[in-house]
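Next come two complexes built around subunit A: one with subunit B, the other with subunit C.
Moving on to the complex of A and B:
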């Protein structure tokens, strides 16, 4: 029982950490305060859902598109692709000419429009009812297992995907590509002056973030078994930002810690509080306030986050300095 | 004296207006290979706009800018830089939350190294290239007296050190030509001699340089030739010694300074 509960916490932590890591590529690496993120997550979740679900049996004009009854892995890849493609479309417009606050305004508008659009359009993703009936990953393959053993499979799937994404992102972060993104985050004019195509680099980061968002969205939707306008809202992007602030902008490990603290531990710790008679909303409200206060305290007293961005060290010369012939000048200070 | 040298940068009729403001009008001048050209003029003469136009940070309304035999007007900034023409800014623009060493590694020529797929599939060759860059960067940082600070975040450096880092980055990239926009701005006067050394050092490696600066003695000691701008266009060019006696220059610039004193 308690083991099941802990497993479910780890599964949820893995999924939410995945989502936060994708946003961290956009904000922590490239410095774009993007607010369309959860809409991209939703596109991945919806699309992954309709790839896996059978044909919709809702009355005409309702229901969802596709319904191809494909395996989970295809849904996962489809979600990743759709996350990347929607990010390409949004980013190609938004990043071309908008910076800073203006990019945030444009992207939050995109997220709100998307939410309204998907809620109101009954024939695309079944409007407010959403898509439902997704199986948990590989439930069809292991259908003879009891629930407790199956939970281990789900647990393994989420953790393995988290580790794979983490490893890929770390390789990118430490590469010249990652360094270029950080330079753009610090000063895009200087980056352009040193030959970097700022727009293209930002767009690449935006798409990488979108692919991770799509993967996380599919996992989340399969875990919940459904995805509809009540399970996601554009505002949730801010919770992911909160997790990044707490964990440490730019540091994937920190971002995982921040996600676990803000998105899993705080809600779970307060979940078992006794109900105050006559005030059923008191504890949920206090929970939101506790999250907000935590974010503010971290920003005030430890603005770099619990695990700040890694400060790289140069090994220095092994041998005494050679008189190099390299281009340069002699500033004999 | 310069006529036998080849021209690396050529401006012909370059014009840029912002609404009714004629920032640059019909600007013509040449820069010869390997020379240090001073660009002077009173505030509002259009010097910085000219730098923006040459470096691709703004697009000219009309005119031709030819760099190394190729017309580059209207190119975007990163393309101009990749072609070998790099600029600096009036305020030092370091990458603040990158270390000094990382600033140098970003400035190094990339030759396609910052492709995403290479970060996953080409790691050994990236590591080897980075090690070569590091060795070169350490050497340059030592020359600019920044070696001990190489693990420091660039944002923590003093104003003068940020300027020296800017020169070190330019040396790291080693372009054909560099445009220096007021490199003495925000620099302690005692460091001016170091900046002068740095400019001469870059020039010694064969780089052509345009230097914008208000400090005329500094221009005098750093530059071969000088172009004087006023009201958006070039009004004179030549050796500083000759320009001092030019009526137009005195009216436009030196005279103004003199009457201000």
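Moving on to the complex of A and C:
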């Protein structure tokens, strides 16, 4: 019983950590304060869903596009591609001319517009009903297994995807490209003076973040079995930021820890709080307040997060680890 | 054709009311931004706090003037506390501007959920006398709508007079232009910044109250989405200009209502957001850029 519970917690942690790691590429590495991230996650989730689902049988006017009945792996790849493509389209415009707070305002507006359109258009992703009926990963392949054994498979799938993405991102972080991104984050103009194509590098980081968002979105939607305007909100991006701040900006391991604490443990612990009769919103509200306070306290007293970003290779020549104050400084020049 | 003109004029009538609310809020954001240089993501929730303060007051005494005062006081106090309790300590610790933006976003989450915890998520409304709309020329206005427009006009004229003729207004313009220089010339920049937060918060609280009157029933998310409509108006008008802010509010307010003639009213806010994105991308200085960048300076 307790094992099953722990399993489900780890599955959820893996999916949410995946989402946060993608955002960390944008903010922690490249210093882009992007608030469109959850819209990209949603694009991935919806698109991955309609690739896997059969043709929709909704009444006229409603329903979803495609409905190709493809396997999970194709849905996952499709989500990754759509995450990358939408990020390319958004980033190509937004990163060209906008920095810092202006970038955040433009991207949050994009996320809100996306939410409005995806919710209101009945024929695209079924409006407010959303797409539903996605199976959990490989549930069709292992349909003879009992629920407990299948849970192990789901567990393995999520952890394997997380590890693959993690290893890939770590390699990228240590690569010359990763170093260039950190240089741009610290000082955009100096990097440009040293011949780096700042816009191109930032756009690449934006797209890589988007691909991870798409993968995470598909996995999340398949885990939930549905994706609709009630399962996502543009502002949830902020909670992912909270996880990054708590864990340690720029550090993928730290980001995973932050996600587990803020996105899984705090909701789980407060879930068992007693309900106050007549006040159904009280505890969810207090939980969100606690998250906000935690984020503010971390930024104030431990701005580098629980696991600060210190890379062995960098440790020698750049002694002070970047703090919240310096991370994202490029965005503010 | 005649029929269409009627529809259009009615929509513009609604638009003017929306614009009045929007202008109050946009000018508050503009004032605060030009002096402090921080886009305040919790501005919308300060509006919500104002609306709920008026609601709570209304449960005790149902008097529109007292309710308005409650909204103003609560809005001002919250904004002042945000600056004193959160932003200033972070600034003293050397936080970059973008971190301060993130703090306002965290504060927004805190405030919105604080209101949710106290008042619950179901919609509330003021007990105001119901008034039938009257014809004024081609427009249809309720008494409440007229009150909103009048209140906005009074407030905006007040802002202009304060900025132009009082010592505080002069000091504020100086700080907005160059805080260090102002300090050297004997202006207490920090005090001006504190008072600006208080003032902008008070206006935000009041605009939340009138916005709540306009929409009728409201919930703790009232201000948060509206915030981005406010940002649209300030960006379209040209960030940092008081007349630009008003014109931006008029354009966005009327644009939203008029667009509802052709497309579903659910997309009203999306129209404002698209205007915001397009302006930021293609004309970042706004439609009415001034040679002088700062809001208050442009008076």
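Definition applied: the second predicted complex is superposed on the first by the 310 of 333 C-alpha atoms of A that agree within 3 Å, B and C clash if a C-alpha of one lies under 4 Å from a C-alpha of the other, contacts with A are read in each partner's own complex, and residues count from 1 in each chain.
In this section, contacts are C-beta pairs under 8 Å (C-beta built on N, C-alpha and C of every residue); 3 or more make two chains touch, one makes a residue touch a chain.
Because the structure is a prediction, the values reported are computed rather than measured.
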Exercise for review: Based on the superposed arrangement, let me know which partner A:285 touches: subunit B (first), subunit C (second), both, or neither?
Suggested key: second
Review point. Does subunit B (first) or subunit C (second) touch A:38, or do both, or does neither?
Key: neither
Exercise for review: Could you say whether A:125 touches subunit B, subunit C, both of them, or neither, answering first, second, both or neither?
Suggested key: neither
Check your understanding: Touch check for A:295: first (subunit B), second (subunit C), both, or neither?
Key -> second
Practice item. Report for A:189: first if it touches subunit B alone, second if subunit C alone, otherwise both or neither. Key: first
Exercise for review: Classify the contacts of A:105 with the two partner chains as first (subunit B alone), second (subunit C alone), both, or neither.
Suggested key: second
Review point. Who does A:220 touch here: subunit B (first), subunit C (second), both, or neither?
Key: neither
Exercise for review: Check whether A:232 is in contact with subunit B, with subunit C, with both or with neither, and answer first, second, both or neither.
Suggested key: neither
Review point. Which of the two partners, first being subunit B and second being subunit C, lies in contact with A:47: first, second, both, or neither?
Key: neither
Check your understanding: Following superposition on chain A, which residues of subunit A contact subunit B and also contact subunit C?
Key -> 324, 326, 328-329, 331-332
Practice item. Using the touch rule from the top, collect the residues of subunit A that touch subunit C in their complex. Key: 33, 93-94, 96-98, 100-102, 104-106, 108-110, 112-113, 116-117, 120, 235, 238, 241-242, 245, 279-282, 284-286, 288-289, 291-293, 295-296, 299-300, 303, 324-326, 328-329, 331-332
Exercise for review: Provide the residue numbers of subunit A that touch subunit B in the complex, in ascending order.
Suggested key: 168, 171-172, 174-180, 182-183, 185-187, 189-198, 201, 204, 208, 309, 311-317, 321-322, 324, 326-333
Revision key, fill the gap. In the complex, the residues of subunit C that touch subunit A are 38-39, 86, 89-90, 93-99, 101-103, 105-107, 109-110, 112-114, 116-117, 120-121, 224-225, 228, 231-232, 235, 264, 266-267, 269-270, 273-274, 276-277, 280-281, 284
Review point. Taking the complex as given, what residues does subunit B use to touch subunit A?
Key: 55, 57, 76-79, 81-82, 86-89, 93-99, 101-103, 105-107, 109-110, 113-116, 118-120, 123, 126, 130, 134-136, 138-140, 142-145, 150-151, 153, 164, 167-169, 171-174, 194, 197-202, 204-205
